[in-house]
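Two complexes are shown next, each including subunit A; its partner changes from subunit B in the first to subunit C in the second.
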Partner chain A sequence: MNAPRAFRYISTDRRVREDRRFVVGKGKYIADIAAEAMLHVALVPSQHAAARIVSIDASRALALPGVHGVVDGAELAAACEPLMNGLDTPHVQRYPLAVGATRYMGEWVAAVVAETRAIAEDAAERVDIVYEALPHVIDAEEAYKSSSTPVHPAHGSNVLLDRVFNWGDVDEHFAASDSQLSLRVTWGRNATVPIETFGVLAQWDPWGAVLDVNASIQMPKYADQIARALRLPMNGVRVHYDVDVGGSYGVKRGIKHSVLTGYLARKLNRPVRLLEDRLENMRSGDAHGPERIFDIDVAFNSDGVINSMKMRALDNAGAYAGRAPFQLGKPIGAIVGPYRIKSVHYHAISVTTNKAVEEAVRGFGQSPTNYAIEAMVDRVAEAVGVDRIEVRRRNLIRSDEFPYLIPSGTRYDSGDYHTVVDKVLTHVNWPELVAERDRLRDEGLMAGIGVAACLEPSGGNSSFEPLLNPKNTTTTWMESCRINIDALGDINVAIHTTSSGQGHETLVATAVGEALEIDPARIRVTRPDSLSSLPGNSPVGSRMAIMLGGAAFKAAEKLKDKFRAIGAHRFGCAVDAVNYCDGNLSHGEQSLKWLDVVAIAHRHFHELPPGAEPGLEASFIMQTPTGEALPTPDGRVQMYPCHSFEFHIVLVVIDPELGKPDLRRYVIGHDCGVVINPHIVKGMTLGGIAHGIGAALLEEFVYDADGQMMSQSFMDYLLPSASEIPHVEIVHHCTPSPLTVFGQKGSGESGYLGAPAAVSGAINDAVRALGIRFEKLPIRTTAISDAIAEAKLKGRLP
Partner chain B sequence: MKSAPFTYCRPASVTEACALLAADEDARLIAGGQTLVPMMAMRLARPTALIDIARIPELAFVRREGDHIEIGAATRQAFAEANATVALDLPLLARALPWIGHSAIRNRGTIGGSIANADPAAEIPLVLATLGGAVVVQTPRGRERFAARDFFLGPMTTAIPADGCLVEAHFPVWTHQRIGACFTEISARHGDFAYVSAAAQVALDDNGSCVACALGVGGATAQPTQLAVDLTGARINETTAREKLSVAIETLDMMTDPHASPAYRKRAALALALRALLAARDEALAKRART
Partner chain C sequence: MKVLLNVNHVEHEIDVEPRLTLLDALRDNMRLTGVHTGCEHGVCGACTVLIDGAPARACLIFAVQADGLAIGTIEGLAPAPGELSLIQDAFCETHGMQCGYCTPGMILTAHALLRENPSPSREKIVAAISGNICRCTGYGQIIEAIELAARRLAGSNAGDAA
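== the complex of A and B ==
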């Protein structure tokens, strides 16, 4: 069952076409795009965690030669609509600049526009602002208390979302289980932090009444949101999608930047560009990821079979609402991970605090949840005294159980988890790996093995929106593709989004080539601007292989139908009696070559079937394979359609004095269904693992108790470099998805979704004998050493 | 991250540089720019004028002078790293240089810039302090020599007067037959400034007894610290070395910051100093005794 089909181009070793321009330095990034007479923006940040803005005096800034204007929040609030909130929280209003009060350190209070960025920065220092400090709240638990100071007094509390779900007979399953245990784990505030910061260039054309926007964007409904905020018709905003985005994985949302820049361009009637510098990006770009405390109660039998789970997830959304709370919603679609947990109680809480605003980060909340689930499974294994892999095996869903309905209402499409685990264990030679760990321990080192199994839900619909916000009744998250075969028979494919490294041009050329049986190298892929585009939702939610690949394939199939109709008319046979092969048509002895069909369609109307349109064009707007139904009243919903699986094994060695963890071996088993381009999937997996290692060991946006941000640059926000990332061995497996055109699933978040759990599990295995357990990420070198020293002092030495 | 406005000049000699410095109290020397430029970009430093000394010919050299090696202040770290004299006569410096940032930084960063900058975790100042070297500073009033221990006054603070230009660093050369050196450190990532670093150089006699020993720790204390540990007169063994090092390190005043507690620094200083010492000893032992 479920064997992958044979393909011509799909899954074959073909170059990623985008790579050529990137490696020779010929990508077109936002900083490469300049307009004549362009002005530059610098921002004035607040130094306070919370403060009332008493007065803003820009006169000294405006007196500086080369300065064209200074705007503040009051001006913007009068001229714009507030930025879109995900939840129904109308009193948590956000504008591009602080209005009346500032709510986190670094929040933009005023924007300065000048001839050069340097002059703008000089002038920004001369904007005189008087603040009156206000009480603040930094900690999420503190913010959740009804006694805490609300970040938005008009909202009445700091609670954005506080919802309890009960899926299945949780109480009954707890009562019937042999044992239960509780744990708390904490996911630190990190993000993707791309090399390229966010940038946007806006130009207002007063004669055409169009705002032209170039941006390094990865954002669903980007043009819509700009239009709404600036009170323009949506056909008055033209977003250019042919901008290369220098990294994103969720955070390139830039909506406040874009609305601000659009406003300035219109007001000053000059092109205006805002390129965040690193400080603006790190402290003010509203691009931090989830920060989450998990409290879990788990009920299980003495054999390690897990029956039920209660999870409370408290997320620190920062100062404004945005889409952050939805990152508690998406994991509902894989709330039991790859396991047969029968019932779940889920308490999702999102609170505002005086920290920078949380945005989407790779996995949209799934990686923290996977970390919590895997920490729980490790604890169960420890409690019942069964090997961690064996406990996982006893709980993993079996391949004959798919499609598998989980308690929260999502059906997993397909999977073969046990086989992937077997393949990985064979690959690493598990007994030998364990022996090696024990040898290292005998040498006086602290060695540990980490294990993590998890899912990557993919094919992003937006089911979490209606689930968490009853006023939102969205049930489609389409993606589209258009193919035009020109008068010379060459193939042009249009896609309607930017790319931030996912290789969509390769994806689409491969899918269309596969369908049309034509070498993908001959297919051109272009990106019209938003005014010439079909509807789409951008490359988020690990969806483009499924959605854009699907739309491209279906559009190509429609084109083939047109070919066949032309052939049938010529051959005098039924349409399905026409044979299509390598772009040529035949029926018995009769045949039509590709160029003959092109000539008929483009020049010989008299040879076209009656009623046929001339030319050869087809488009397809694809609905997500799931997500068309609203959630049930008791909060069950079909979240994403496809579910990729990954299984990680890590060997870590810790220097017992210095505390430094050294990842000696890293193996991942990966099943994302049919791989469209192996190089892209490999790159995603390796990058995701590096990102996950960063989250586990290094990366954190740290705030002190006064709300001052301690990691505003790469001096203190530590990204892993090539030296910190071990060689990664990838073991492939392919379980096709029955829901997609080729059997593909998503892979844009792979690696990241399990690496933090695996790495922390390895460290905990290494220090277990000392009675130590690390339950907060990132696990820093110095903290490991301090804990070991303390344990030794207390005589907990083995 | 654009610096505040400044003027730029490139004098042809140290005398001219010092005169320019003396004339404008907000002027700053710039050498490799690997510390100063980022500081300016973040507007944490805002000199009105930059006086570029990186290309003054009289400041770039490595030469043997009596019992020490003199390195010109504007000598690039990468140049010293690849220099045969350094490799041969200053094994400790040769071991330390690769720990500085990444090679791109060492291509521009200078020996003198690192010493003048006096970051507590910087490698070159630690080598200078450990070996008991000296520096020469030129001002409009002439040249003055400072021993390392009188030169490093605290984090980013040195004895250089406002109109002074560091011109030379003097590193003592050991002439013993059996020398071993080791430099090691711990940081969160490869290439980062160290939480703690340790330097050790030992000389052994034909019997393996220690005849000279220099030990130091960096990153731990406000300035690079030469450890007052005398191991001469006997073979170096781990137990006594650990005891003596513990005593010396126990008295040090450790820095604290969000990355590493004083307790961590103390623990790491001891572990690293001991490892460096034993590695240096083993290297020396591996060298042939005179027969």
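== the complex of A and C ==
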């Protein structure tokens, strides 16, 4: 295993450069970007879970002064291509507005464009729509039945994906095991719910034939999708990447908003901006996360060693297909978690229902899967009567087994799981923590300790696409960087994506500074628009430290090669005999300073080596370190290249009268390889844990049986405040990845991937004595207090 | 309706519809876009401004109600172009943000807290910012920023959080 290298700027305590503009209120968010003569959009939502649209009468709306137009789905369907589906489901068609029928409460049926947002909202109330209610289906199990009402009748059923994988000798391993048990756990429908809602501004230039798009977007292939839907060439769509995105964590994929706004801008020949209000965001923004039922059978020995697992994962994708079903595919790359489970049977099912559309959420399905795996391990520990940590230790992959091939075909790059566990146990003083829990119990409180170990696959390729959709043969998910050293010797680096808080400008300045041995503070980072950009796939899948950091470093290495070639020509020596140090070149007694090289490259063609291009520019388009091969016919594939590890310990205390959980201590051991900026990684981890605590205890989009959404505001959908989030202690460990330029791994999803499992485990440890077991997230205070009250009634209080 | 708004010690007379919120007036009429729109129902705190020195939700007050009140926004905190206030600098030092969207509201809340209580306990800081939701950071580095700012204020004898 390679040890971490010594670095100049990587891993050092350096400020995050983006912060300066944010603290003075000078971030450039979508709502801050206005165009001359801009029009505004308000949406008309469906009140029905499912209904046929009988008629739409916009005459009263159009009569209102200041209203410029009202469009409906029929008009859009005639003018646009359907939005892209991830799976091969051509009859599950989705347009920005409902076409002919509405399939979830809140779905946009018409869009009103007016001089101001206020006028548009007034007019939206005057669009008269006649509906004929249709039967609906809300529950995923119900939707999976062949007798259920199909949300898309043309598709013939509600099943988007129904795929069985068998990796290894599952039956044999079950037969040879001492015991087995079954469990069901459910992950409630939550999402990341950024504080900034989604917004997009589109402007059409009819003479230049270009659609300019500014958006608070975090999505791969965004410009491509707009171009396809609007039947434009891709070089007829200019996406501006210099927009600060006010949080996303996966969900800011407003493709329907963008296609709608682009269409309106072309039709009305005016700039058009759509900014979701909070209600539009929560019920209609198509930004809910996975909602998943796991049924697990696990086979294990009496010592707690787990041999095999059968997992059925049923996901409620909502009313349209989108990219959501892929969130059942990504976890295949870590389907055994950090454990040496020898074989897996995996049944992945995605169904449509009359709920809002599911979109990518932090971890792309991995956090629910990790929660299910960890609930399973806790149950095995309970069954064999062995301590939960000891059972994990017996099953964790050992550091000398890497690279480790898991049954589903992914090779884990590196890890040192036992050491991380040991460091955390030492840090937390495990015997003392257990004693503390028991003291609290003696005081009459319910106290519990939760434990979770899990992986964060990172460096996102898109191997789940060909795995789940045979018509998709994508084997690259590249990222790019371009460096230009200008005529005065100053360094300019271009990146080709928006950012939503990940600090990519800091990342690339650090990587380029490290390679060029130049203070990153001297490096300017810019974001050209999509027409001036190299190909990329946006900051998804915990990939940018690996992919953008990698591309930046490799581009800088190419530049250094140009420097060395210039030096070799001057010095009359071989290129590899030229020494590069702090931006200066030397060979024996001869030397060239940085500015000398700049002068040669920019002004002295006669001093350049033969065949060399003038100037100092280098670009690098980086392929993901893995994922270049298509899946095997039996469904094995190399998913993401790198695997970060986290180990959580939580102490929770519940007041038996109130049922309110109080997180008294939270410790995470985190190993994401070489950290590029410690402040950024720390923030990601703490933020991920807070998000995971929300998923575990508070956050859920609740629908009633009629398909009405009950949690439409922040009064009902509860976001954790500083009062709910404990102080978190981080224990660091560094196992470099052999696959990346610095040994870095991803960390954008860290914390979130294990916190729900850990918090759930802590609460279950606290209430176990009452015979209570919580098997669905979120575990809200009301659920806890109800369960305690019921236990009291049954006389089960200890 | 005509309304006289005193924002960052400068008076602005603007003509607004009675239904216009202070938030929209600041952003759209006065182009002070450092104040952010989050939930528009008074929960998230992204639209926090200072009214007579105390944090308030600009989404829950109409512009016409703010007539004559002293309003402070994030644009009024930096001592000079290119410079940062002590609290702003502390937020940069600890990276007390990620996407930056809640940051202006968070900093204004911290500003009001430290003016009232120059050396708050962790509990007081948590209570003060519990009305400002941050989805990125999990609050840890925000709390550290405010603690750092308090320590530096104590050391600087500045006597003013700005």
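Note that in this section the second predicted complex is superposed on the first by the 797 of 798 C-alpha atoms of A that agree within 3 Å, B and C clash if a C-alpha of one lies under 4 Å from a C-alpha of the other, contacts with A are read in each partner's own complex, and residues count from 1 in each chain.
By definition in this document, a residue touches a chain if its C-beta (ideal position, glycine included) is under 8 Å from a C-beta of that chain, and two chains touch if they have at least 3 such contacts.
Just so it is clear, the structure is predicted and the values come from calculations on it, not from any experiment.
S.K.: With both complexes superposed on chain A, which partner does A:713 reach: first (subunit B), second (subunit C), both or neither?
M.R.: A:713: touches subunit B and subunit C.
S.K.: Applying the document's definition of touch, where does A:657 land relative to subunit B and subunit C: first, second, both, or neither?
M.R.: It touches subunit B, and subunit C stays clear.
S.K.: May I ask you to name which of subunit B and subunit C touches more residues of subunit A?
M.R.: C
S.K.: With the two complexes superposed on chain A, say which partner A:683 touches: subunit B (first), subunit C (second), both, or neither.
M.R.: second
S.K.: Applying the touch criterion given at the start, work out whether A:721 contacts subunit B, subunit C, both or neither, answering first, second, both or neither.
M.R.: A:721: touches subunit B and subunit C.
S.K.: Look at A:118 in the shared chain and tell me whether it touches subunit B only, subunit C only, both, or neither; answer first, second, both or neither.
M.R.: Both partners, subunit B and subunit C.
S.K.: Output check: A:786 vs subunit B and subunit C. Expected answer is one of first, second, both, neither. What do you get?
M.R.: It touches subunit B, and subunit C stays clear.
S.K.: In the superposed arrangement, does A:172 touch subunit B (first), subunit C (second), both or neither?
M.R.: Once the two structures are laid over each other on A, A:172 reaches no partner at all.
S.K.: Based on the superposed arrangement, let me know which partner A:502 touches: subunit B (first), subunit C (second), both, or neither?
M.R.: Only subunit C is touched by A:502; subunit B is not.
S.K.: Applying the document's definition of touch, where does A:21 land relative to subunit B and subunit C: first, second, both, or neither?
M.R.: second
S.K.: Once the two structures are superposed, pull the subunit A residues common to the subunit B and subunit C interfaces.
M.R.: 118, 277-278, 713, 721, 723
S.K.: Give every residue of subunit C touching subunit A within the complex, in rising order.
M.R.: 17, 19, 27, 32-41, 43-44, 46, 73-75, 77-78, 84, 88-89, 91-95, 97-104, 107, 122, 125-127, 129-143
S.K.: Enumerate the contact residues on subunit B facing subunit A in the complex.
M.R.: Touching subunit A: residues 1-5, 42-43, 186, 188-192, 195, 258-261, 263-264, 267-268, 271-272 of subunit B.
S.K.: Show which residues of subunit A lie in contact with subunit B when the two form their complex.
M.R.: Interface residues on subunit A, with respect to subunit B: 116-118, 121-122, 125, 277-279, 657-660, 698, 702, 710, 713, 716, 718, 720-721, 723-724, 780-782, 785-786, 789.
S.K.: Flag every residue of subunit A that touches subunit C in the complex, lowest number first.
M.R.: Per the touch definition, subunit A meets subunit C at residues 15-16, 18-27, 29, 31-32, 118, 192-197, 244-249, 275, 277-278, 500-503, 679-680, 682-684, 686-691, 713-715, 719, 721-723, 725, 727-728, 751.
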